[in-house]
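First the structure, which I've put down as structure tokens, then a few questions once you've had a look.
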Amino acid sequence: MSGAAQPDAAPALEVIGLRKSFAGRPVVDDVSLSVAPGEVLGIIGRSGCGKTTLLRAIAHLDPPDDGFVRVGGHAFGPEVSPAGVVRRGWRRGRDISRERHRIGFVFQQLHLWPHLDVLGNVTRAQSVVLSRPAPVATERARALLARLGIADRAAMRPAELSGGQQQRVAIARALALDPPVLLFDEPTSALDPELTGEVAALLRTIAGEGRALVVVSHSLGFVRRLCDRLAFLDGGHVVEEGPAARLLDAPRDPRLARFLAALAPPFPSPQPAR
Amino acid sequence: MTFDPAFLLQALPRLLPAALLTVEIALAATLLGLLGGTALTILRACKWRPVNAAVAVLMSVVIGTPLLVQIFVFYYVLPAVGIDLGPMSAGILALSLNSAVFVSEMMRGGLATLNPGAIEAAVALGLRPAAIWLRVVLPQLYAAILPSLIGEFTILVKATALLSVITVVELFRTGQQIYAGNFRPFETLSAVALLYVAINASVSLGAGLVERRLAARRV
Amino acid sequence: MSFDPAILIDNWPVLARGFAVTVMLSALAIVLGFVMAIPIAALKLARHPMLRLPAALLIEVVRGMPFLVLLYLLHFGLPFFGPRLPATVTGTFALGLFGAVYFAEVIRAAVLALPRGQMESGRAVGMTRLQSVRHIIAPQLVPGLLPPSTNIAQMLIKESAVLSSITVPELTYSALLVQGQTFSPVEVFVATGTLYWVLSHALATASTRGSRRHARRRPQGRIADRFLSLDAFGPRP
């Protein structure tokens, strides 16, 4: 599937030599990725292969042990080496919080704020993090909610919404800060299977605005519909990377082939493989 | 002036018997409180409105006023109306009444956790209400509130210190007498505090062990 | 038994002043206790055991001893660290510290009851730790915090009577003063008890108005209900 990707443009997101280990066990091991504006990169792999950890390390929710991340050519977080040297464009001691609005993160469990209504969920970070005046934040939030088709839910609490609506709130909350990069952790896992097509279409339009998207998913049908490129992660390494259709239909690495064979029916399918 | 642990250690031989007395007072108050609490609970369960109202007022007063004031009432007010008990009895009674009210509240919570089926079975068997209370409800109820009762005992161990203000020579007042002689209040009081903490910690520890053993036996 | 209201009328100013002191120092101790409880709870929630240890130790030790002993320890111990403070200051601080260990446990329980990922979702949109606490965590803590905190506040009001033993001129101290002059324990302690009762009930009423909780009881059979429920006029399901 071809989208609005501009492969020639400077990458929106660069991940270089990222490493993360827990209790001495490397979970993400020397991962480098690059995503152009408007491009959707899918990350696939069996559970425990480090997909979610990679995503969290990119957003510095779990700060990487080594390697670095750039958003739009600017450092996102300290560029660490094993010696702990802070390099290139990142002042020591600078608070990563001031940068996080450049990467939107949509959690698998969404983690909406139950004490705020939908509008509050979408405006709060705008006013706290970007110091937008309340009317500006509200206007932005209402426009987003309208675009996502949940304008009439603005005054409701997250608990009153369906799973699909809750996810749209989470997406609106991330989009409200206008991040050039958006990370999605398993966006279809909590949804009814028939909604995956809708979500894929929605994420495509979001990418169409020139944002770079990284999507972790275990649903092959979903990544086939959505992603321009795929990276197959195994044992913390990117084992194979390339155009989505090529990876899914003609895997080169035997590990990827085994993974696909275990998950997908033996023929290419536009339907979610479940 | 500095902290000299020697005075702390010196105080211990005199404090230990006093600590024993404190435990005894707390035990007496816990048992009387359990008795009184059971009585209050049964009175409340009769659902006879005038009695309920009287019990409710009593409980509200006990819950809403400081234990220290209740102790003063037993110590000063009762003699004024012709009942002179002496400080020890007045103190234990004050603690017991206070405890009875809280035990009755525990029992209210405990009753809600009991299995109604067992009681219906007893009713179906034709047992009289008194027998049902004695043989069915109370045994289960005591078992249900046992952990809270142990908590109540540790609360009462601490509450006994208040009896020092009506001249009962328990652990805290013994400490006061010691530092009146050696002019080392901080070291002496540290020893006193240590003993209270030790008593309560060993009660909680012992209770935890017994509870685990009981739980293991049930399995 | 006789009740002579004249004694109360004559000595009313003393009791009223004591009552005012009780109200003010209890309020101060409640606020102070809650503020001191926040770092204690934060330490108790820390991941590193060496951070949890001091908080756990403080909580166990303060909870393990009578408030009277804590009060005397501070009364005689604080002068080691500075000038001797007025009894009212020491007493209020002791009451606050005593409340703090109880408040800390309440705060810890409320934090543990939070839905997972709330702190992280605040951080993910770029809020600092402090901003996440202020905008995301704290507002969610309040409803769960209010009822148990009210209980602790009531406990502190009642424990404040113990401050009379270090001559803080609060209500109980005033009562003992009047009792010593008039030898009329009935009148004095009835009035004192009433004042404490009013204070602690006023607090409870204010708190339940803030958060109306409905006590839901397990539906029970009518027969068993005769044994398992208390009070003819108690809350009915």
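Order of writing sets the labels: A, B and C. Residues in every chain begin at 1.
To be clear about the criterion, a contact is a pair of C-beta atoms (placed from the backbone, for glycine too) under 8 Å apart; a residue touches a chain by one contact, two chains touch by 3 or more.
Owing to the predicted nature of the structure, the values given are computational and were not obtained by experimental measurement.
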{"item": "A-C compared against B-C, more contacting pairs", "value": "B-C"}
{"item": "Distance-to-centre winner among chains (Cα means, whole assembly as reference)", "value": "C"}
{"item": "Greatest separation from chain A - chain, by CA centre", "value": "B"}
{"item": "Separation of mean Cα positions, chain B and chain A [Å, integer]", "value": "59"}
{"item": "Averaged-CA centre spacing for the pair chain C and chain A, given as whole angstrom", "value": "47"}
{"item": "Chain centre separation in whole Å, for chain C relative to chain B (CA means)", "value": "20"}
{"item": "Residue ranges of chain A touching chain C (in the complex, touch as defined)", "value": "59, 61, 95, 97-101, 104-105, 107, 109, 111-116, 124-125, 128-129, 173-174, 177"}
{"item": "Residue numbers on chain C that touch chain A, as the complex places them", "value": "115-118, 120-121, 123-129, 131, 135-136, 139-140"}
{"item": "Partner chain B, residues of chain C touching it in the complex", "value": "1, 60-61, 63-70, 72-73, 76-77, 80, 157-162, 164-165, 172, 175-176, 179, 184-186, 189, 192-193, 196-197, 200-201, 217-218, 220-221, 223-233"}
{"item": "Complex contacts: residues of chain B adjacent to chain C", "value": "1-3, 41, 44-45, 47-49, 52-53, 56, 60-61, 63-69, 72-73, 76-77, 80-81, 107-108, 111-112, 114, 116-117, 119-120, 123, 129, 132-133, 136-137, 158-162, 164-165, 172, 185-186, 189-190, 192-193, 196-197, 200-201"}
